[in-house]
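Before any comments, here is the structure.
Residue numbering begins at 1 within each chain, and the chains themselves are lettered A, B, C and D in the order written.
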Amino acid sequence: MSDEDIRIGVFICHCGTNIGGVLDISELTEYTKTLPNVVYSAANLYTCSEVGLSEIRENIKEYNLNRVIVASCSPRTHEPLFRSTCQEAGLNPYLFEMVNIRDQDSWVHMKEPEKGTEKAKDLIRMGVYKAALLESLEKMQVSVTPSAIVIGGGIAGMNATLNLANQNFKVSLIERDSELGGLIRHLNKVYPTNEDASNILETRNLVESHKKIDVYKSAVIEKIEGYVGNFKVIILQNKKTIEIEAGAIIVATGAKALSPEGYYNYNGKTIISQLELEGLLKENTINTKNITMIQCVGCRNEERKYCSNICCMTALKNAILIKERNPNTNVNIIFRDIQTQGVAYEGYYRRAREMGILFIKYLPEKPPIIKKDRIEVYNEFMNQVIGFPYDLVVLSMPLVANEDSEQLAKMLKVPLEENHFFLEAHVKLRPVDFATDGVYVCGSAHWPADISEAISQSNAAASRASTIISKKMLEVEGSTAEVSTDLCVGCEACIKICPYSAISKDEETDTVVVNKVVCKGCGVCGASCPQNAITIHHFTSDQIIAEIVTYGGGD
Amino acid sequence: MGENLKRVMVIGGGIAGIQASLDLAERGIKVELIEKNACIGGRMAQLDKTFPTNDCSICILAPKLAECFRHPNITLHTLSEVKNLSGQPGNFNVKIFKKARYVKADECINCGQCIEKCPMRVDDEFDMKLRKRRAIYIDYVQGVPSIMTIDKKNCLFFTKNACRICEKVCEREAIDFDQKDEEMELNVGSIIVAIGYDIFDPKSLESLGYGRYPNVVTALEFERLICASGPLGGHLTRPSDKNEPKKLAFLNCVGSRDIKNNPYCSSCCCMYTTKEAMIAYEHDNEIETSVFYIDLRAAGKGFREYIQRGENDYSITYIKGKVAKILEDNQRNPLIIYEDINTSQVKQLKFDLVILATTMIPKKDAGELAKILGIKIDDFNFFKANSYQPQKSSKEGIFLCGACREPMDIPNSVIDASGAAAKAAEIVMRG
Amino acid sequence: MQMVDFEFRNELIKEDFSLNYCYQCGTCSSSCPVAFVTKGEFNPRKIIEQSLLGLKDQKPNVWLCCTCQMCVEECPQKVFLTEIFEKIKNKIVLLGEPYPKTFKMQAKSIIENGLAIPLTQPIIRRRDQLGLPKVESANIKELKKLLDATDFEKKIKIHEVSK
Amino acid sequence: MSYSYFLGCVIPGRLPFLEASARRIFEKIGFKVGDQAKCSCCPDPTGAAQLDHETFLALGARNLCLFEESNNNILSLCSGCTESLKTVKHILDNDDEKKKEINLKLKVIGKTYKGDIDIKHFAEVLYENIEKIKEKVKKPLKDLKVAGHPGCHYLRPSEIINWDDPLNPKTLDELIEATGADPVEYNLKNDCCGNPVEKSDKDISLSILESKLKSMKEAGADCITCVCPACYQQFDFNQREINKIFNTDYNFPVFYITELIALALGIDTEKLGLNSHRIKVNDILQKIA
């Protein structure tokens, strides 16, 4: 396409006052009109609103635009929307370019609007120069294996499996242990109904008898290959290697309770963990007069800043059960903040108080001290140290991430957060998705979750997975890396650095090849290639250099 | 099951209803999305930012609104309400009452000419009545569908048989006073209820002075006051004298954890008050905030750290204690009487602006809808959910998500919504 | 350091069950006029916590409660603080611990006159001047019988000299 | 059933002029109230009740029995008495066991509590007759700024008193308005006057009063009105002492609401005994003359 044919339309967004309140939009609009190849330039209050989008569509037709630029917010959230708008108007979506004048300009230069406006001109100009060099790209279509793999056979994993199977998908459930059920197997009763944990475990039978479900117990994951729509998981079970294929993977590996060893003179007899108390309650062998539970042991501190979410309710449950069994038992809960959000849980807390359970708030800097004959704790509410006798101390330990999470995360190419729980794509709007397509997370693998939350999330993860495996074909990113076999010397630098394992060696030609389905177009390989043999489509050297030059950075 | 019944009705077009619809649509299931208002978006559209990422709320919501509008598997019914239900799981017949918009959806391009000329001024519900809108209006600028609606109750033509200015100024001839309310029947396999929540009116808590003291506002009002698209254009001033407030107080648990009002915990307030304090600080670094709380509830992912950040970097002081009484000095500054638990002393502090974290309560008409659908409600009028399958209502084939079953934040509503979609898919896709 | 006295605590809870519901939010102290002017020296929240902990040896000055019932109206958990304080006071009296003498003086007057404030001659004259009818007060003997039935004099140690 | 006065202790024994104004206005509006003899102390909810709950119930029940015997409802001139009697009634009517217990005590004096009479605070009756009062107003108290002090036992505990809003009372202000005067809004309107603490600590009692007076002054009140003799005493008797301790110059005349109404109805001030007030009311009388 020669220069004369290029017709760029630029849409500049006010984003309410997010941008419009800082930058001079009309000046930008006028300025943009002076740039080469720009045939249309206008402002919108919100370009992403239906009005804004229809303006894009209409003007593509009216002005015969073949490049569209939106100068607004972040492509992270809005590029897909604008691209598909272009596509609807018959324009290849890769002929769209986004310029971020909000996050990178109006937000950070709120106090210096004139300079901000000048910067926006630079940014838009760079976009215009890049846009002129954009090329149409085609999104690849890949077929989808209409089945799912669920990793982890606790309540979350079982429930996700069951849901997908009930939706008529084939599901493989992989469990490391010799039986399904996860942590719930060790529980006595479950809140807030205080029914037997075994009721919840009935899901096991449904899972194991379902004709659409294959359960792999005592199975270890060896390797995970493939990509959205076409995963291949290799497991080792009874010394046998089994290969399972699926279109999507759900991670439901759960978490484990932190070991109480080393906290508050834990001895496993008079000072035990909440999980051990569950066992005693199950066996009905509690017969003590004075029981004290200590909350937030080993968490909400420097080492583990987080609140483990489930411990308050667990302590309340066991305290209530003990009181129900013998109202004369003195049960104390030493706490920091009682976490009983919502309707049922807050009601449960009130019920616990009603039963005469004593609640004592403590400060992290003045934790309780367990002496021989009594516990002493500084009571913030009384501004004084108080003591009480004990026969049994129960430590509420937080849930912590499984040690092998990291290994699994690597195999799946998904990230962990600082506490080693799996990190979702977006905490607000994609809470069970990973940034990597086709992989989902639920239950305590994501964050300490109780039964109700884990089930809720597992349904959600199943739903998200179903949006992939219900499709016959999937479209994948068109902006990917391409290797010039002429230039490649087969040094493998790119293979080592690719975060998505998208590159492999073609032994025949001794050059590398990119798997376009797996490639996310991140560009790391291109930057690392000593031969300049890799082109990242949509971010070609020409395009980027054009931006730099027009900014004034080149010669 | 016939293809026609691979169809799910979603009632409520807030973030929960939207997410449920999108998941189902992507799953290949047809969705009938029923929204009572003129636009979808719900409460999330009213928020300025969202915790714990402090993302601009409408910015992350808008793409979803547009997606919902354009998705070939989703049929959007705005200004619509469910009137009757018959049939059984897998084959429900739902009667829908659809109010006339008096604007032709295909013609209106949201140019705003009509709004400019409309002579009526009506309390803007979207902006918490903090400003006026016209009798022809769009809920909010980014609203979807982005077309006008005539508010029959306030339109001069309908009330006094006069005016019709909008009709005259509309170049697209999109105004249609002859439109009639409609009734229709939809056949669906399953139903998801996602009607969201209302806000507790703190006027009844006399000692806090809301309604009497101009500088005591609710948290949702504060979201609008500080929002760039709100009535102040994002420049925060206080209602009494338009001065910039420097000292803010947030009161948590207003009307919640209170057995005389709402015994339950409203779930999100500890977090959103922190968020609002952070946004205020970002607007003006001189702002200092006190947050009064009973228990700081921050159990979600990254929430504890968020509170910590508020304390360290945003001049937020967390004060353990519930405030019983607000007074006012002669400059209309709210005076808060509280107990400083560290010293056991009762103190009085002067603030420029007090924000009440009012409880999320069930929608006014939740009880009525429950009756129509034949599903149970709990003691407070939230839809009753199964304890261990929280998206299941008391009736087979009908599912719940979001704050209509219990107060919850956006991530949980989104999870709930996807979860409800999975459960509905179980009904309509089972073999 | 004070030890929690579970027996004492349970005794108090038995007296007024609503005590259990307290979650120490401090609404009561925030609404209490006495707490406000005494800068928290009288602190209803602390008295409740003390009772919940059964801290028997600590003797808060419950007699400073002005019985205005603001705390009761404001308490989000419907703890009947004023009633609890009344019960604590009753307990103090019953145990023979000292209590403000004004209370005893009032009780004495009721026992002797049937009224907390006896009618004096000047007042009777003043009533006449204002055209008010004569006040015919209670039958003291009858009253005495009733007070004996409730063991009032003994309970409040009417004959012991208080500080 | 007709009403009879329950006078209590403070009014007949110390503040008979308050009773005079009440009797005059009830006569004027044609609301008949009889007299009930042989009542004892209610007993004082802030006094005897705090010593022994059982005695409190027994004495209260005895008073109620007297009214039951003469087939009269109670019209009380004092908030404390109202609260006591309503509380006793509430407890005995809702707790059969307690009722049995107390009736066992009452048996020694030949009485049985049944629970079939009603108890009303005088201001409650005035409020019910507010239209009548307005009709009969002859000398509206124009431009008089009145700080209404509803007081605690007039309102709370609301579950038992079951009357005005316990946290945002309106009835007293409406009665003030009925006289033609302006009720002023002030911060501490709903707070205690401090009187009951006087029994244990006079300083605290006066501090509470001082904050209250300060709040009234800031709101620009000319005078105070209340509906309880204990509050009346606190306001009328203690302002001078407050001024000494706090170095202030409060000088609010204090009226019972019945006195304000009496003035508005044009009742002869001679018949009201207004000269008995410690803070002189002459300025106010001139102002409204």
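Operating definition for what follows: contacts are C-beta pairs under 8 Å (C-beta built on N, C-alpha and C of every residue); 3 or more make two chains touch, one makes a residue touch a chain.
All of these numbers come straight from a predicted model, not from anything done at the bench.
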Result of counting contacting C-beta pairs for A-C and C-D, higher pair: C-D
Centre-most chain [mean C-alpha coordinates]: B
From chain D, the most remote chain by mean C-alpha position: A
For chain C paired with chain D, centre-to-centre distance based on mean C-alpha positions, whole Å: 20
Centre-to-centre distance between chain C and chain A (centres being mean Cα positions), rounded to whole Å: 60
Cα-centroid distance, chain A relative to chain B, in whole angstrom: 25
Chain A and chain D: spacing of chain centres that average the CA atoms, whole Å: 65
Where chain D touches two or more other chains at once, by residue number: 167, 188, 190
Where chain C touches two or more other chains, by residue: 23, 36, 45-46, 70, 74, 77
Where chain B touches two or more other chains at once, by residue number: 207, 257, 259, 295, 320, 341, 343-344
Interchain contacts (touch definition) - all pairs: A-B, A-C, B-C, B-D, C-D
Complex interface listing, chain D residues touching chain C: 7, 9-10, 12-14, 16-17, 19-20, 23, 35, 37-41, 43-55, 58-59, 62, 105-106, 108-109, 152-153, 156-158, 166-167, 188, 190-192, 194-201, 204-205, 207-208, 211, 271, 273, 276
Chain C residues within the chain A interface of the complex: 1-4, 6, 9-10, 13, 20-24, 45-46, 49-50, 52-53, 55, 77
Chain B residues within the chain D interface of the complex: 205-207, 327-328, 330, 335
Touching residues on chain C, where the partner in the complex is chain D: 33-34, 36-38, 42, 61, 63-70, 72-74, 80, 82, 86-87, 89-90, 93-94, 99-100, 102-103, 106-107, 110, 114-120, 123, 126-127, 129-133, 135-139, 142-143, 145-150, 152, 155-156
Chain A-touching residues of chain B, taken from the complex the two chains share: 15, 19, 23, 26-28, 50, 52-53, 55-56, 58-60, 62-64, 66-67, 69-70, 109-110, 141-146, 228-229, 233-234, 257, 259, 263-265, 267, 295-305, 308, 320, 341-344, 378, 380, 382, 387-391, 406-408, 410-412, 414-423, 425-426, 429-431
